[in-house]
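Presented below is the structure to which this report refers.
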């Protein structure tokens, strides 16, 4: 089970070209799902044939926001919650860069909630990979906007009593034109979801259910295996979900592309077309 | 030379625009100018004013301190300018008391609308020029909104009282300033308004 | 021959930014700075640049740093409350060395304060507002002509030193129209500095390795081969986080030194009748204009007054202020706050001359006559 790190590097996988191998191993805890999301993203880029020099990756603060450090592209590790605002500036000025934002449930929906809904509203061509681990991991276990009711966190002793966001519905309502949910257990599927998100011209949101084994798992008496098994058993592919009677849906979540709309114009395209009309398009 | 002007009226009478046109005209004339305004959060109520400082060199303090001229467009604006009614210095002029205006120099030009402003000013203290400004705008031009520009025409002529018979700023500079300051479709109307103001200004000066 | 044109202060700032090469603006509406955004919204698309009204002040600051990393000369403008909100990302821009210009049209504070009235209450905040140590250039013009000059200068220093620069205006300056001599503002006459680019091949590229001028040559994001990482964490030459104390010390010392060592070149003051002055006024912005008039009024009354108008507020003209203190019998610092820059003047005077203050924070300007009577009071007390 425990493969030495050097052995992993020996494999020379095709997607390794997107990794800053000299910066590995990552800071993430054993069992954490963020690495799976990074791997899925790299594989997606490889299959899309997008070169390192064509990708910008922006993040805020938190465990998931350390991802750009390991990604060999143009990377920006910014302030808490503001990744999408930084990415908006970057993408608007250099629309030719494929722009990916790595964020988490606290970064994206608590402190960064306002930037999220407005980036979605504009339909700017940014792909958001949101690691939902139901907790603030880096600060050791406080309640987040996606913590399930009743869960133990350090700031909700006795169990969480605050309702949580359905982030996929929120993204859709705010104007995102590609909304998907994947998990750290289903990596091949996750790769496909991220790949379609990057391909999609517009605001793409991919929620990645990802176990925080050390902080959330320990507090809520779930082992590494139990957390991954939970993902396996309680997430249902969208097609099956649609056929599932209401009473059987309780406690479960659909997985796959939840919403996709290609009809809405993309923000930077709209803006630069206006500029072209006014100036001839020179910077 | 430092010359300070205030245009004051009820909100919506275009006092600030008149001040902008005046400052632009000064620049056209090759003079230095600053234009400052005072307004609250509400855009269509109360009084509003535009101040202009004109000089033949770069201006230090940009706001007005002692006015050389004031254009008063409404009664509430006039009332706001009045400091009090001390005993008149020169009793020969009529009544025993007269209004004194805030921060207005003795000898300053005071331009008031003949119909809209009831004033009681000492004609030895100020050079008062009263003209049918709003009436000219409303009846002569069919647009009461341009009374501020009519008033500028009166002002242009009246400054000759202070500068040895020659106005401070030429008519041409004002007309150029209007071209630069008002929306295209209103340029002709405003130019006509200014010229009408010059006419009634000349008439008012002859009467006085 | 002067080519005089009447310009609105906030518009002059926007127009000068375009002249300086600004091609990205992000902002959020706030009185009394909104006209800068409105003008940029008009001008940028016509000059092939990007304008965006962001969802809040924090996002605006973030967006200009993002665009700056993409290679843009970028600007945002705000006022008191918005300036407070921008502080965290302003500190980030300082740490990651993103060139950008932040305009703060000062209104009366604290809090919502006096939105449509003048204040000079962010003299200290402009330098110390963000957490952690920082030294950034802060310029404060005194008239509309100088708004244009200082906007261009702000961009030039931002680019040359790869640092955020704060441009302080005040409500009176921003909302004032004034004649500007446009002769010097033609594209062929404006001097433009650009950020330096890496001169090494991609395989040797270390984005945060400083040159001899203490400034690193970071390639704009998207430059093929020159990929890199930037973080608000303490970082090494590669741009990656480090907690190595030697590396952290080197970084913070360099960030401050790269600005500090350029202080002599960056210093800009106006000296007025100081040669034989016995009492000097140190002032800036709109207040300095009242002070200049007050100097003339005082001279008429036989008081030998002079003015040092400070334009480069930070880094402060330490030596100039010290020399001034040795040269005169007393210094007066009038400012529209409860006493901020006076602390710096006192520090630099090192007891060579007593430093008096004249403070006001009620939304009104200080009038020349008020400065004059304070001068009279000082002279009386000193005799």
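Order of writing sets the chain letters: A, B and C. Residues in each chain are counted from 1.
Assume a contact is a pair of C-beta atoms (placed from the backbone, for glycine too) under 8 Å apart; a residue touches a chain by one contact, two chains touch by 3 or more.
Everything numeric in this text was worked out from a predicted model, so none of it was measured.
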item	value
Partner chains that subunit B and subunit C have in common	none
Most distant chain from subunit B, judged by the mean position of its C-alpha atoms	A
Identity of the most central chain, Cα criterion	C
Chain centre separation in whole Å, for subunit C relative to subunit B (CA means)	37
Euclidean distance of C-alpha centroids - subunit A vs subunit B, Å	64
Centroid spacing, where centroids are CA-atom means, of subunit A and subunit C in whole angstrom	39
Residues of subunit C whose C-beta touches two or more other chains	none
Residues of subunit B touching subunit C in the complex	20, 23-24, 26-27, 30-37, 39-41, 58-63, 65
Subunit B-facing residues of subunit C, complex	2, 4-6, 115-116, 143, 145, 172, 175-179, 286, 289-290, 292-293, 296, 365, 367-369
Residue ranges of subunit C touching subunit A (in the complex, touch as defined)	23-24, 26, 45-50, 52, 54-56, 58-60, 62-72, 74, 88-89, 92, 96, 221-222, 224-225, 227-233, 240-241
Residues of subunit A touching subunit C in the complex	20, 23, 52-53, 56, 58, 68-69, 72-79, 82, 85-94, 96-97, 114-115, 117-118, 271, 274-275, 278-283
